[in-house]
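In structure tokens below, several structures.
Next come two complexes, and both contain chain A; in the first it sits with chain B, in the second with chain C.
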Partner chain A sequence: MDYSTDLLNALVLITNYVLIPSISYGSQLALGAVGVTLVFGILRFANFAHGEMMAFGTMATIFITWWFQSMGVSMGVFPTALLALPFAILITTLLAVAIDRSVFSFYRASKSKPVTFVVASVGVMFMLNGLVRILIGTDEIIFRDGQKFLIKAGAFKKMTGLSEGLALKQTQVLTFVLAVIAVLALFWFLQRTRTGKAMRAFSDNEDLALLSGINPELVVMVTWIIAASLATLAGVLYGLDKSFKPMVYFHLLLPIFAAAIVGGIGQPLGAILGGYVVAFSEITATYAFKKFIKYIAPSDFAPEGLTQFLTTEYKFAVSFFILVLVLLVRPTGILRGRVL
Partner chain B sequence: MLTIVGFGQSWNVALAIFNLCLISAVMSMGLNMQWGYAGLFNAGIMASTAIGGLTAMLISYSPVTKAWSVGGTSLSAALISLLLTIVAGILVWKKMAKGSKRSWSMTAVVLIGYAFIRFFYEEATFAIEAVDPAKTGFLGGLGLPILFSWLAGGLAAAGLAWLIGRIALGLRSDYFAIATLGISEIMISILKNEDWLSRGVKNVTGLARPVPYEVDLQQAEWFKNLVQWFYGTADDGSAVSADIMREAMQLSAGVFVKLCYSALFVTVVLIILGLATRALNSPWGRMMRAIRDNETAASAMGKDITSRHRQVFIIGSAVIGISGAMLTTLDGQFTPGSYIPLRFTFLIWVMVIIGGSGNNLGAIIGAFITWFVWIEAEPSALWLVSQINVFLAESNPLRQHLQEVAPHMRMVLMGLIMVLVLRFRPKGILPEEAPDHY
Partner chain C sequence: MTYLIGENLTGGYGGPDIIKDCTLSVDKGEIVVVVGPNGAGKSTAMKALLGMLKLHGGSVKLDGQDITGMTTQQRVARGMAFVPQNQNVFVTMTVEENLEMGAYLRHDDITENKEQVYDLFPILKTKRRQVAGELSGGQRQQVAVGRALMTKPTVLMLDEPTAGVSPIVMDELFDRIIEVKRSGIAILMVEQNARQALNIADRGFVLVTGENRFTDTGEALLANEEVRKSFLGG
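What follows is the complex of A and B.
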């Protein structure tokens, strides 16, 4: 076997185990982080209930998917969950707006400190957490159907003659495509429409925005609608890609916050960047490079251990490490966000 | 309320709840210092609790000499390389001029240091974890009395808090909350995975107790006499039968042990309450509240906000660390898997919010109420479900589902209570009172 095949093998290896998972995981984080960052920009508090909102949206999707499946409705090669998604988004947005009306609007009217909002969001987190568990239980649920792989590892090996396989799951492609569509739609909305411009103005300077006759309640409502929709989308994509487990969604909160802060809080574009940064570092730091080094290094050299920077259990330590690093070196984030 | 449980369920249950209430009270007093006095949003309470628990385990468990002999040297080597790396890093940072050269040297130092640490560390952990893995497989502790660990747990938590404070304080509240949340998660995953230190999810059980064991009690002569005296005569004045007596012995041994714990815990609660109240009413407490209410003004008066925040954060964390050590003492085991943020971080928040932030007595009352509701919500929910289930057929899937998920009712209940209190009584049950000597 000559060296160029080795290099190709190494490349495929990295693509399969680092590149593709990072891109899909990064897209999921990015969607979540955009929601967090928007709420932060407009309402000016870190929403601790965001992870649970994702769980709720996913749960709604699963219920509707089951209902569709029981009626025999499906989308062929695509997962049925995609069909259920719009309805679930509708339900989740209604919930988010209802929560805002019943909980957060009071503190807005009384001009409370941001910390009060955060504490209230912890209360909301508790409620949603319990609600999701009551409705669907705590078990792991796999609700993916349709075609699983676009490229199978075995078929790829046969096709190229390489010894490393490359598998591409349909959900990974779906995640990326849907994330791109959602983000493009969001940016079009923020840049081109009246309400979107009002939102940006509100985020920049609340008093000036109020003076120029922007309706704050409308802006807040639209923010919640967008945040809830993106949360549902992110949650469903994550659930399709892996599986749905209420516990996991709570733990997603940390990487999502990290992504939002790393990118510069209040900056949707930054949140997307941050999502990918966090995902790439998490997966790279916990990937065992042993095989990779074997391919690219001279043939007689093989590393002894797994050459893994960190064991997989410390995944979220990575996102936190990046978070701290950014806070210390550049507190405003990659794109200059709001300084807190 | 507890009396009702005592008569309704059993005195053992009531006292078990009472003991946990006391521990929760210590936790919520700790958080109350951070949030109520100084307005710090600490979302990493669990980290302090866990490190308190870890300390309790490390202090009381007897050392595993074999593990020390096989892994001690390489572990020390790993530690020394860590220290050397830090020193080298600091030297590079201080001595070299700012620029790309310094960045590269820094990276090199960190990477080389990391390689060395990793090498010795893996050797050490592998050796240690291989020592009788079914029973030990970790370094063990110091073998000191566990009561001593309450103090040590507080100190350890204070040390951790200092480290967290170095990183996270000085950020705005939301960032601080996120940072502390992250640190506590990392802390727990370290405890779960570093088997050489804490046996990870395999747990450490059978920690020594500061109070007598039930079995020993039932053998002790003085205890027999005590029970005899308590239960000695039936209603009609005659002596009770041996069977009833034996049952009474078992019951009262359990109650007695729990009462011993309660006595210890009450002492701690009272000491901390006394100190905390004094601190709150002292000039220091006044300064803390001034900083909380208006940072700009306090800073204009010459107060160093960040270092004051760090101070109160460390003290509060130390108190929570003590409670963590108390909890591990009560359980008699250290189970890293049982630390979950909802229970150990956010539930404490509910306690402080309900009780009244800034009021120590309020924090205690909040802890009692919250813990009581948290525990009793489960049987109540099950009862409620069983009432509904009367109308459902035996085979109805909904019925089974309800039975399974009933315990989660308490999450919703907690959230609801928290949101309602925050909305309609934001100062809590016992509002903060302004000291009269302004």
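What follows is the complex of A and C.
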């Protein structure tokens, strides 16, 4: 085999194990981080319950999916969960608004400090965490159905004659496409509609927004609706791509916060960038480059170890590392958001 | 009958009283200027009219109606517009969006109103797509006044509109404010540049330690020996 085939193999290898997983994981993080950043921009606190909101939304989707499946409803090659998603979004939205009315509105009325809100949101996090586990249990649940692969590794090898395979899961493409649609819709809403502009104005300068007659309760409610919808979407896409485990969503909170801060807190566009930065870093740092180096290195050189920076168990360290680095070097984040 | 009047206002921000027994009033088509030394409670008195602080004495009447119990938002909806001294524009939004936000409460067509603001401040028309945070201090002040005018107010309240702008820009801004007054709007203004402000004022209030010290026409205050010596630097 000549060197150009080696290079092609290396490219396929990286695409298969780093590029494609990073894009789908990054899209999931981005959707979560946009929600966190919007809530921060409008309500001015870091919502620790966001991960649990994702878990709750996914749980609702799973229950509805099961119900649909029991009735024999399906979407053919697409996962049935997509059909359940709008209903789950509605339920999660209602929950988010109910929590705001019963918990956060009290602290708004008493003009509490942001840290009080944060601690209250930690309480909400534990409550939702418990609720999800009581309702659906702690086991791993796979709720994906329909066609799993768009491109299978074996078929790719046969087609191209390369020794490396490239697999593309339907959920990965779905994640990316739905994330792009959701983000475009969000930006259209924020840039073009009256309520969207009012949200940006409120986030920019609360006092002046009030002086302009913008209704704070409306802005807050719309913010929760958007955050809950995006959280459900992110949670379901993550669950479809991998599997549903309540604890995993709690763990996702860290990379999501990292993404929001890296991008510039309060900046939706930054949160999206941050999502991909964190995802790429996490996956690159935990990928074993041994085979890749073997392909691109001249002659028969092969590294002795796995050439892996961190084992996958330590992937959260990457988020922490990025977080600390950004706070030290550029506390405003990539797009100059607020300083925490 | 005075259009907007705050009578015997006493109150502060929760701590000690900052204004005591303070009275301010303004009529339609009139510029009223509030002057006084630093810490005299000028801005506080104006905020009291807007319902932005705790009052435990006095009343505010708009067009003969008692509005003392109303929230700031309700007062804005009734035609009171306020331009704060600091952070008075949405820095991340374009000039045009700033104006649109000013008209948030209105559901009618705002194009005509927008054109009026652009006629008043032509520079804003050329910068309509630019983010307000990128404008100069004077231009920002124009955006701030423009935003307030978009509510179609009957009373325009300005908290030190010329703070931090050059003397030339200040003169220009005052000219514009006179133009606004001619359209029949009541204008109440707190100013550090007391002499220039009293020059364009129909009436003036001199506040000292939260109380009324002198109340007269702008001209008379400028002519008053004591006012000149104490507050206008001779």
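Just so it is clear, the second predicted complex is superposed on the first by the 340 of 340 C-alpha atoms of A that agree within 3 Å, B and C clash if a C-alpha of one lies under 4 Å from a C-alpha of the other, contacts with A are read in each partner's own complex, and residues count from 1 in each chain.
Keep this in mind: a contact is a pair of C-beta atoms (placed from the backbone, for glycine too) under 8 Å apart; a residue touches a chain by one contact, two chains touch by 3 or more.
Keep in mind it's a predicted model, so treat the numbers as computed, not measured.
Superposition of the two structures on chain A shows chain C fitting alongside chain B with no clash.
In the superposition on chain A, A:Val220 makes contact with neither chain B nor chain C.
Measured by the number of chain A residues touched, the leading partner among chain B and chain C is B.
Once chain A of one complex is fitted onto chain A of the other, the partner contacts of A:Ala234 are absent, as it touches neither chain B nor chain C. Of the two partner chains, neither chain B nor chain C is touched by A:Ile91. In the superposition on chain A, A:Met199 contacts neither chain B nor chain C.
Of the two partner chains, chain B is the only one touched by A:Leu328; chain C is not.
In the superposition on chain A, A:Val36 makes contact with neither chain B nor chain C.
For the pair chain B and chain C, the model built by superposing on chain A gives 15 Å as the shortest CA-CA distance.
Chain A residues in contact with chain B (one complex) as well as with chain C (other complex) do not exist.
Residues 40, 45-46, 48, 103, 106, 114-116, 118-120, 122-131, 133-135, 137-138, 250-251, 253-254, 257-258, 261, 305, 311, 313-314, 316-317, 319-320, 323-324, 327-328, 331, 340 of chain A are the ones touching chain B in the complex. Across the interface of their complex, chain C is touched by residues 194, 197-198, 200-201, 204-205, 207-215 of chain A. Residues of chain B that touch chain A in their complex: 39, 41, 43, 122, 167-168, 171-175, 177-179, 181-183, 185-186, 189, 192-193, 341-342, 346, 349-350, 353, 401, 404-405, 408-416, 418-419, 422-423, 426. Interface residues of chain C, counted against chain A in their complex, comprise 72-73, 76-77, 81-82, 84, 87-93, 97, 100-102, 104-105, 147, 151.
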